[in-house]
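What follows is subunit A paired twice: with subunit B in the first complex and subunit C in the second.
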Partner chain A sequence: MANHNHAAPAPVGGSLVNALTLTCGVLIALMVAILMVRFLFGLGSVTALNDGYPWGIWVVVDVVIGSAFACGGFSVAMLVYIFNKGEYHPLVRPALLASLFGYTLAGAGVIFDLGRPWNVWHMFNPWSINLNSVMFEVAVCISLYIIVMWIEFSPVILEQQGKLELKKKVGRAMFFIIALGTLLPMMHQSSLGTLLVVLGVQIHPLWQTPIQPALYLLSAITMGYAVVLFESCLTSTAYRRKIEGHLLTPLAKIMLGFLAVYLVIRIADLVVRGALPRAFVPSIEALCFWIEMLSFIVPLILIGAEDNRRNPARLFLAGVLLMLGGAMLRLNGFLIGYETIVGDSGGFSYFPTLAEVLVTAGMFALEVLGYIIITRRFPVLPREAATH
Partner chain B sequence: MGTRRDFLKGVLAGSAAATAGAVASPALARETRPRPPEALGLLYDSTLCVGCKACVAACKTANENPAEFSTLDHLWDTPLDTSGYTFNLIKMYRNGTMDAKDQETNGFAFMKTSCMHCGDPSCVSACPVSAMTKDPVTGVVGYNPDKCIGCRYCVAACPFGIPKYQYDSPTGRIGKCELCRHRHKDGHYSACAEVCPTGATLFGRTEDLLAEAKRRLAMKPGEMNRFPRGHLRHAQEKALQGKPDGKGVMMRAGWRDEPDQSYETQAGKYLQHVYGEKEYGGTQVLKLSGVNFQKLGMPDLPPDAAAAMSETIQHTLYGGLLMPFAVLGAMTFVAKRNVKPEDDESGKEGT
Partner chain C sequence: MGNLNEFFDTGRNALDDVERRLDMPRREFLQFCATVAATLGLPAGAEAAVAQAVEAAKRPSVIWLHFQECTGCSESLLRAEHPTLEKLILDVISLDYHETLMAAAGHQAEAARKAAMKANKGKYVLVVEGAIPTKANGIYCKIGGQTAIDLLKECAADAAAVIAIGSCASWGGMPSTIPSISGADSSPTGSEGVAKILGKDVMTIPGCPPNPYNFLAAVVHFLTFGKLPELDKLGRPKFAYSRLIHENCERRAHFDAGRFAMEFGDSGHRQGYCLYKLGCKGPETYANCSTLGFGDAGENNWPVGCGHPCIGCTEKGVGFTKPIHQVAKMLNVTPPLQYPRIVEEQGKAASFASAAAVAAVAGAAAGAAVMLTRNLGLSHAAEEAERAKSAAKQSDDKAGA
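Our next item is the complex of A and B:
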């Protein structure tokens, strides 16, 4: 790799007790209480789930959207190690950390949603697994990826613990771990889209297509970069550090490249399948479709020009919009555009309960708290040149 | 600038590969699976149904399911839809003055709601742990709670809204009709067909049931005709009656012997459509009706099963793990070049 001048990562330091971490603590405590009720009295005791909407926000937001938000680590690692863009190296550790939390908690969150969690080992039992099942592919890939990411991140922990000998050993195998860490998210992020295919005509034509895997993969990569923009801006503000403009500006350009490919495929697919007219039929589905599409298109206008990509506010906004667009694609496919019995709601409706929202918020709080603790105590963020 | 061009090439190649993989080549496409030749099923004839709900009660008993109440007095089992505790239900269609049975406007009609036992079931394709399986001989779609992880992908996948979960229990199961397969070994067939007083629900081999359905569609409305009840005997079954010992207790197919219960009545006014003959490649439960099937809550489905498309994509991308290994090989090769062992360059400040 080319020699780039960047500062080595170092702990940020500072106190772990403040208004933000305390809020996180309260949210986490509420989540634990709700989950106790859920495991004692069943899913129906705290959720609005029903047979018309068997999947709610714990699946769609925590896992499908959450894991796509957690693609920063994969997107940046791919850029640095596969496309050999060493200059982005300072972004690897913070992005990987966010991904690590996103995925580990998504993996844990699945357990809350499983109706018979004690049987989950059958997912890895050779006499039970169903190779035809998209869910099987997703579950195995996500589980493997969580392990792979912890190994990818382990040098940070080993460094802090002073176990340099072991860190060196891990370092020697790192190229393979990184290759695995690129392959696995490609597999399951695309399959998260394929999950919808077997639902057939129950999914609105705006979101039901055989090219789901391409759409979900490309949008996840785009979201990965968007999350890095978002987090870098946020971390810089919160820790009063310089914004890494020299990295974020070219990164945004790469992100737009993926975005352009995504949009071309998305729109071509709608036209070829003849689904586009459905976007002009006044309905909640059409409205949500346009929110989704505009969230993908507006960033092209916001930061399409090189000059605009130097503006942190525009970068931040573009990042937020792309995160929203990717989230809407998933929310639309899995919930808004899902109709359990075709042409007839069957009297079913779903809107998350406060308890469901609090569990999702609790999971998010756990991620934020973990990120704060680790960046303050472990060498993740680049050392600031100027002392502060 | 060379690296940037390489990078853009990489993005394009990657995107192209993802798209190419998603758009399966026809050679790899998995066709929709037909019903097994000896598939068992039901024929439900809406024009014969009188809405007595004896089948609903028999189903509850046969599957040891509790009553579900929707009235204040909690006197009768009154489920409003199938559920984790109700696998079979008779629903009623009403329109306007409800003057005549099996009439779309100002009429009413009945419809049985229970598992269709698809030839190519979405729930079986979806289940990650093979808790939902299709019997290769009888084609019955069965459920095994000892494997089920409760992910409810089957609930989401079924276009008929059949598998249902027990949300009120910390150990909730999926509930659905299994064609009373647990009673087959004793020579009993589906309880709903066994008790049906008019033969509106008939049990048998799906091929025989399909022939029976077509016989009915050829009848003149109002004309007197013979209709079987209980279970439809195989065309050649009479000649083969009895066990090898000649006592004649069991039928060839293994069902308990019972007297012929067929009776004469007027043929209904049928729509010329056997629902389930072609839907999703064919289901093992077939339906006849005088009123549009969509009005009675049956979805309008294409002739190809969604499972076929889903598995075509899955196996194009992951068949034999060829594609993943190829990508992994390429990634490992590139990463090996780009990652130096000491590359996690802490302590390399300012190099």
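Our next item is the complex of A and C:
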């Protein structure tokens, strides 16, 4: 890693007030207003949740999908620090920043959805914990990971504050923190899949498999790289910077490796379990299954060739499709392919209310706004050479 | 369980004896012993000890006194539908004096009592059924010329254990009820329970009548372990009287859901709703009525089971004291005035606003992605073109050079 000389990260600078940040501000204000209603009058006053569907988009989108989108930091850190691919180092800070927001908000998002949020501290009370619970594992890993990520990201803040002595001290423990930061997301991303295993026959056969944890972990890593492609193309465009093609092209190749393993396991599992015919029965589940599968398969065609991987448009589209695929995998398992009573809806149905959609939109707006503010004011993105 | 094996190896003959004596198949006998052990809350394996104690048939002498009562306790014991219960109770004990059951009469009967007391001095069990009148020196109840007070004191003096069966013997029960006339401060005969007369704690099996199995289990405990079971502060055996009837009531779910019978015969009453508002005393009465079927006629043959509120007969200060339809005092949870709705929300299909919001978000995201892809593609094409041009220029320059 020391062999690689990269431009040091530096704040992008520029105004914080523009159309995008103002839009984000409005969405966040709406979210805060709705959450006030939610905490004053309860979940029932703003959500469409019911006894058949106790989990809505606040859990599935904000937490399950949101934390998977936030795997960029973990995926890149794993590549750079575990597999010692130092050339990708400039991607670590921006990816980590996106993850930091994704996870912190996922952690906060859980609180919105808890029926009795004031009991949330129980999971840290050694006398209350249930060591056999998947939810406990997810909750503890996510909350620990949030802390770990803030420590991982702290050099950025310390640098900006000029506290270099402290930064050095933190740096000495960083190898341990980074190891934890790789282990924890692997644990809870796979456990999110275990939640579906626990739900058992309530899940549609297309997603009801004991290897769901492996699928969730592999897709989360793949999505992590996809998010990096997405985010890198987006920042380059928005900040009018040069696209980091020399990094993104080989990164995309690594991503395709994970994607191929994922697809082999996914399809083999469907065939072995004999669930594949269900994908050809006309139903909303089958439709969503094909959207999910095509989102995973099309990127292989889009950027399969080395030449195509140099085209940022294709990289960006592949990234977006993989994010969509991973999101659909989670949405399908937890909501679309979920049945209240086996083989029957039991009369229950769920579709998010406007308020729920606005809160989820507000969460994403908060991430975007935070990302903009921090990249403009803190040393996250590599300094642009004057020649560009 | 080693105990049990030993029992089976060496106790074969004894079991045969029991079979003959009780006219009860061996299997049924062992089942009975297990049931009694379970009723007593004894640990696994204790049924062997119980069986051994019963089949050994030491037949302790029992003297059974009747005072101010209706003989309901004896009746319920004898009328138990279990085919051999009365046989068993009469077989495992030597009932030397029981006014209702004994064949002897007059001086002969009193002589039998005195003989039994003399022969089993300090070893016999005294069972008392009925309250003891204390007003006017107890002249309201006399047997063989002796007042109930004297008789009780005489018999209790040399007894190994004293058991008060029924609410009357336990604290005075129904005879001790103070009439609702002005100035009355005690019952007309001043009825009292056994403990008050003897001035010491005795085991009480209150109930009107008590479940015969509670009495039987207590006796078997005495036979098996040589002492009475653990008692609460009112002298009731804890195995039977440590829980409120309400705690395990078969109608409890209705109470928790706020479904009450409001009057006899209304729709709630006919659907088996909770009888709390009809004055059921289950919430303030300690007894195992809700967990142990009365007699052997099957479950539901107790007041609450057949639609009448509990009157609290095992609880001093409740039974025969509070009006039957007065609402009970809740000892643990008082029902709220309002209950949450028990309507289950099923969720609605997408509303126009929410569907539009989802579509708008999806559309905006898709549109943005498409635009960005197009721009990236265009700039890439431009860059490639420029590179091609500069490459061509370089080669031109080279060619020129």
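Before moving on, here are some points about what is shown:
Everything that follows uses one rule, which is that the second predicted complex is superposed on the first by the 385 of 388 C-alpha atoms of A that agree within 3 Å, B and C clash if a C-alpha of one lies under 4 Å from a C-alpha of the other, contacts with A are read in each partner's own complex, and residues count from 1 in each chain.
Just so we're on the same page, a contact is a pair of C-beta atoms (placed from the backbone, for glycine too) under 8 Å apart; a residue touches a chain by one contact, two chains touch by 3 or more.
If you're wondering where the values come from, they're calculated on a predicted model, not measured in any experiment.
After superposition onto subunit A, partners subunit B and subunit C are found to clash with each other.
In the superposed model, more residues of subunit A are touched by B than by the other of subunit B and subunit C.
Shared-chain residue A:V320: touches subunit C; no touch with subunit B.
Once the two complexes are overlaid on the shared chain, A:V201 sits against subunit B while remaining clear of subunit C. By the touch criterion defined above, A:G347 reaches both subunit B and subunit C. By the document's definition of touching, both partners, subunit B and subunit C, reach A:D51.
Shared-chain residue A:T249: touches no atom of subunit B or subunit C.
When the shared chain is aligned, no partner comes close enough to touch A:S232: not subunit B, not subunit C.
By the touch criterion defined above, A:F83 reaches subunit B but does not reach subunit C. The single stretch of subunit C with clashing C-alpha atoms against subunit B, selected from 9-17, 117-125, 207-215 or 369-377, is 207-215. Judged by the document's definition of touching, subunit A residues 44, 49-52, 347 lie at the interface with subunit B and also at the interface with subunit C. Every residue of subunit C that touches subunit A in the complex is listed here, in rising order: 344-351, 353-355, 357-358, 361, 369, 372-377, 379-380.
Remark: subunit B residues 3, 6-8, 10-12, 15, 18-19, 21-24, 80-81, 83-84, 122, 125-131, 145-153, 155-157, 159-161, 164-174, 294, 297, 299-302, 305-307, 309-311, 313-315, 317-318, 324, 327-328, 331-332, 334-351 touch subunit A in the complex.
Against subunit B, in their complex, subunit A makes its touches with residues 1, 3, 5, 7-9, 39-45, 47, 49-52, 54-55, 80-86, 89, 113-117, 119-120, 122-123, 125, 128-137, 139, 155, 159, 167-168, 171-172, 174-176, 178-180, 182-183, 186-187, 190-191, 194-195, 197-202, 210-214, 217-218, 254, 257-258, 261, 265, 338, 340-344, 346-347, 379, 383. Interface residues of subunit A, counted against subunit C in their complex, comprise 44, 48-53, 233-234, 237, 243, 311-314, 316-317, 320, 347-354, 356-358, 361.
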